[in-house]
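Order of writing sets the labels: A, B, C, D and E. Residues in every chain begin at 1.
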Amino acid sequence: MIPGYLFVLVPIAFGTLLFFTNSRQAKRGVIIFQLALILASLYNLTKLRFLESHVSIETFAGWDRIIGISLKWDLVSSLFVMLTAGLFFFLFLFDYRGDHVDQLFLMLLCTIQGLIIGIFLAHDFFNVFILYEVATILVSILIMFRKDKQSVYDGIFYLLTNLVAMTFFLFGIALLYRMLGVLDFALTREQMALLSDRRALILPYTFLVTALSLKIAILPLFSWLPRAHATPSAPSTVSALLSGLFVKSSLYLFFRIRNIFDPFLELTELFLILGWLTALFGALLALSQKDIKLILAYSTVSQLGLITFGLSLNQDLAFWGAVYHIINHAIFKSTLFLSAGIISEIYRTRDIERIRGVGKGMPLVAAGTIFAILGVTGAPFFSGSMSKYWIVASAKDNLTTLGIYLANFGTITCFIRYSRIFFGVQKNSENSSCSLWKMQHIVVFVMGLFSLFGGLFARELIILFFAKQLPVDPLSYFQKIMIFFASLIGGFFVLRVIERTGILKKIRELDLSFNSVAAFMFLFFSMSFLYLSLKYAPQ
Amino acid sequence: MSELVGNVLMGVALVFMTCGVYGIFRFRHFYLRILISSKVDTVGFITLTAGIMVKSGLNFFTLKVLIIVVFFVLTNPLATHSIARSAYKSQYPLPEDDV
Amino acid sequence: MIFEQVILWVLAILAVALTLRAVLGPTPWDRILGFNLLSAKIVMIIAICAFILKKSYLLDVALIYSLFSFVGTVIIARFVEKRD
Amino acid sequence: MAELVSFIIFFLGLYALVVKRSVIKSIIALVLMETAVILYFVSGGFEEGKLPPISDALPEQMVDPLPQALMITAIVIGISSTAVALAMYSQLHRKYGTDDWKKLMKIRLEEDA
Amino acid sequence: MPVTIVFLLAMVVLAVASIQVRKAEIAVIYLGIFSLFNAIFYLFYSAPDLSLAEAVIGSALATALFLVAIKGYTLRRTQIKSEYRSPKMRLALFGELFWGVVFLTIGFIVISFYFGTVQDVGKPAWYHYVRSFISDTGARNAVTAIYLNYRVFDTLFEALLLLVGILATAYFLEWPEGKEPEEEIATKPDSEIVARISGLLYPFILLYGFYIIVNGHLTPGGGFQGGAILASVFIIRYFAQRRLGINIFILQRLEKSFFLGIIALSMLLLLPEFMNSDFKVFHLVLMNILIGFKVCCGLAILFFCFIFQQTKVEDTKGRSERG
């Protein structure tokens, strides 16, 4: 096994080294480095796969876990590390000819890659906190990389909300350390058993949950995410990276911390409802946006809500379905953002009403985007449908199945509106020259293929990666296909009805200022605190 | 013996400092306030540290305290000077002579 | 030993009085004066603590406090000036 | 006692974030919240009469060194995040002219439409 | 020490004052005094390293950064007056009162819940650190032993954090367009006395900063605090001579190379035969020196970007664009 901290530190050191080379060598060196990283993560994954316990915990410099920092490799995190390496390879390939790409940009991308891998492998509370802080400041540079006027407001909004969330996180760690005296994930679990009264854990758990629920964009606290991911000055690779991968690391961390507190405190009912509401609200807001990148960012919010819903169903099938959905979502969301980047560069506008005729203009990009859209909406034989099927299959009562179909219906209508860009003829055709580099089209097409490939061989991939046998009975899968087509047709009519009324314009004006986000965070904190203290009140 | 002398010095330093702080509250005008308090405060600092040096006798501890005193004597007037200068530069009105 | 405790308490009260001056002070320069004298008082408090606990490294801390009180006061004084 | 004060200052900072409409006040409130958390972390590891963790004290008398080591990191985090926030603030003020969150949001919405 | 109660009360008063006062300039000075009290409080809670870091970074540098950032914008007092006389004022007051009541109740519930249920299950990490930090790492200061040897993985990211934070500040402040605020900082000649005597103090402060860096593992101090002391020499130097003297371009390159040195050195920590030899102590000193110089370059860049955001000083005009 290649030790974990090499995976974290080598990209960061390589990024800093890039600063001393000129930009031509930097671009070539980065792609070669990325290939090596993919091979190393593949090697680690196979080694771990054949280890019978599927888990390996390494400590830095050999100190025991109580005093040192440890990194944990298990099947899910090693697969995410490989996903990170692969996605970054495509992003670097996509950006090979970009005008804004110089050593500083490549250095920032390499460093944030090391940090994301660090968050996936982290096994220590304070280590996760400092990884997030560095990542927040890095992302605030990447968001405002092209330095135009509007993005200053989005940048400071993103930075301040995330810094406040991380202060909550640190307060949670402080409370935990004060009571349990240890910072390692597994050791905290053991120390918790010694606690005489589990109500002592309510306050730290509330602080941690508030911070993490802001990071994974749960209902009241998600308004920073679309503005940060789709700001005009962020290059499309950065938005693809943020929506595709960076949010996933906070989702993965949310899930691991929930596992630590699982036997003692339960918040799953709260997150079931909030996840479902986020999925609905995100799809509604995505429907009302005009800017294509904003549509994609709001659909990320709704997909995250769906994944939180799946994770908090507490069934094994739903868990593996949600994890598989995280991987699929990373692939097709970054494909969509990259294609949106190409489209907005060629058409020089981001307004969805003025973009038509993408199908004829750029066949490869159009094909890749259509594959990704079918993946997101969960069309049959595509990756999205398999993971959503598993989440639905594990939902016992029909209320939750109805809820999931409703959320999916919202996504379908949103992407029906989005796919209008393929048909029709281009209005002002003077800028339809495909001056952009051919490789970008191929990259988008290949990533679109992945979402198709992920759907067809879903069960085999799960067995290969997670050594897990997930049942797919054809009857209920066929029923799901029928429901998909029904909601597709329903989506057409609903879209026509909604667009006549002026609701969409009013929804678009809906916006939260920084004070109301802080107020929502405080309300979320007090709600979950009161909920927990009432639920575990001493009888 | 040195215990007693040290205690006396510290007592005197306390008196100086309380006068300095009293001076700050008594005078209405900024320039007078800064004139009184900074001078008295530096003197108080020197007597207090002298008391500590006397009580702790001749060793490295006293040498370090001596370094602190030298540094403080050098920089404290400078700091007060730059405050007064900044007030003067921003045309803060000088007090009429009857105050 | 009790004598140093008394001095410590008196210095703490003087520090609070200076804070009062800094909070009440009408002009910003009163506040900087409060800040400057307060950090001088704090250097004295550390010197006495170092003497009570007989730890010489506390004096390094005191010296750095006085250095940064000087730097802080000069910077704040420079940037509070008004040009109107 | 110190834990009580750190809770009070933490909620004070959060109150200022919710109520105060100026951007610079939000940054000041953020610094206050971070200082409150550092205060809580350190006061957790201290017991009355314990000595600093320098080797000339007996191991039983030493205070918990881990919070102090972590909080030096937290202070450096505080200063660099404040520096980045202030750099953005100076650009925000040069471009938008106002310092009020509500006005900024209105201007930003007009730009989108 | 019971005297800490006095400092805690002063801190709460200053926190409330710095939030409620209307002008940002005054709020910043209160923040400086607040963090000064915070630093002295840590000293009484026997955390000398921390009080040094808080005093150096919290009260002196943070206040200076705040003042520079709001420098150009607090001059228009008339604008502030008009805002606060409008009828909306009563609505805002009502909002503040409402939120005040909500915060008081929720805060009271949380605090009483905390003091009701807090309990301590023993501290294994504390037990192990305190007993074996001298034999394991050869350092006499447990705090330095932790953040340079036991948990060096965190310190790498902390150094990276400072590097990235300064990169971000330099990047945002070089934003070309936008109306330039009045440059009145660089052109003001400073007083002759401050220039002369601070000129006298440089060697002394430099020597002292280096002393703090080098024996960071023996007495409180170490890379971060020592680096900040060295950086204060640059700041005083700016007040003495109007010129910059140091080229930001070189400083940025220096900082990155120091960071690479830190990562390479901490990789040595992994070889077991390296660690139980007497290289351990030398490793600590070397790490402290590297971190110290890196922090010094970083904070110097931070200050130059902030102070010189408007004025590109003439001797570095050509090369001060991003390297």
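Basically, a contact is a pair of C-beta atoms (placed from the backbone, for glycine too) under 8 Å apart; a residue touches a chain by one contact, two chains touch by 3 or more.
Because the structure is a prediction, the values reported are computed rather than measured.
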Per Cα centroids, the chain farthest from subunit C: A
Chain nearest the overall C-alpha centroid of the shown protein atoms: D
Which of C-E and B-E has more C-beta contact pairs: C-E
Centre-of-Cα separation between subunit D and subunit C, whole angstrom: 22
Rounded Å distance, subunit A centre to subunit C centre (Cα mean): 50
Euclidean distance of C-alpha centroids - subunit A vs subunit B, Å: 60
CA centroid of subunit D to CA centroid of subunit E, Å: 12
Residues of subunit D touching at least two other chains: 14, 18-21, 27, 51-52, 54, 56, 66-67, 70, 73, 77, 80-81, 84, 88-89, 91, 95
For subunit A, residues that touch 2 or more chains besides their own: 126, 130, 133, 137, 140, 144, 175, 178, 183, 519, 522
Junction residues of subunit C, two or more chains touched: 32, 57, 60, 63, 67, 69, 74, 78, 80-83
Subunit E-touching residues of subunit D, taken from the complex the two chains share: 1-5, 7-9, 11-16, 18-22, 24-25, 27-29, 31-32, 35, 38-39, 42-43, 45-46, 50-56, 59-60, 62-73, 75-84, 86-91, 93-95, 99-100
Subunit D-touching residues of subunit A, taken from the complex the two chains share: 126, 130, 133, 136-137, 140, 144, 149-150, 152-156, 159-160, 163-164, 167, 170-171, 173-175, 177-178, 183, 291, 509, 511, 513-515, 518-519, 522
Partner subunit B, residues of subunit E touching it in the complex: 191, 193-194, 197-198, 200-201, 204
Interfacial residue positions of subunit B with respect to subunit C in the complex: 7, 10, 14, 17-18, 20-21, 24-25, 30, 33-34, 37-38, 41, 45, 48-49, 52, 55-56, 60-61, 64-65, 67-68, 71-72, 75-76, 78-80, 82-87, 89-90, 92
Subunit C contact footprint on subunit E (complex, rising order): 1, 3, 6-7, 9-10, 13-14, 17, 25-26, 29-30, 32-33, 36-37, 39-40, 43-44, 48, 51-52, 55-56, 59-60, 63-64, 67-68, 71, 75, 182, 184-185, 188, 190, 194, 205, 208, 212, 219-221, 225, 229, 232, 235-236, 239
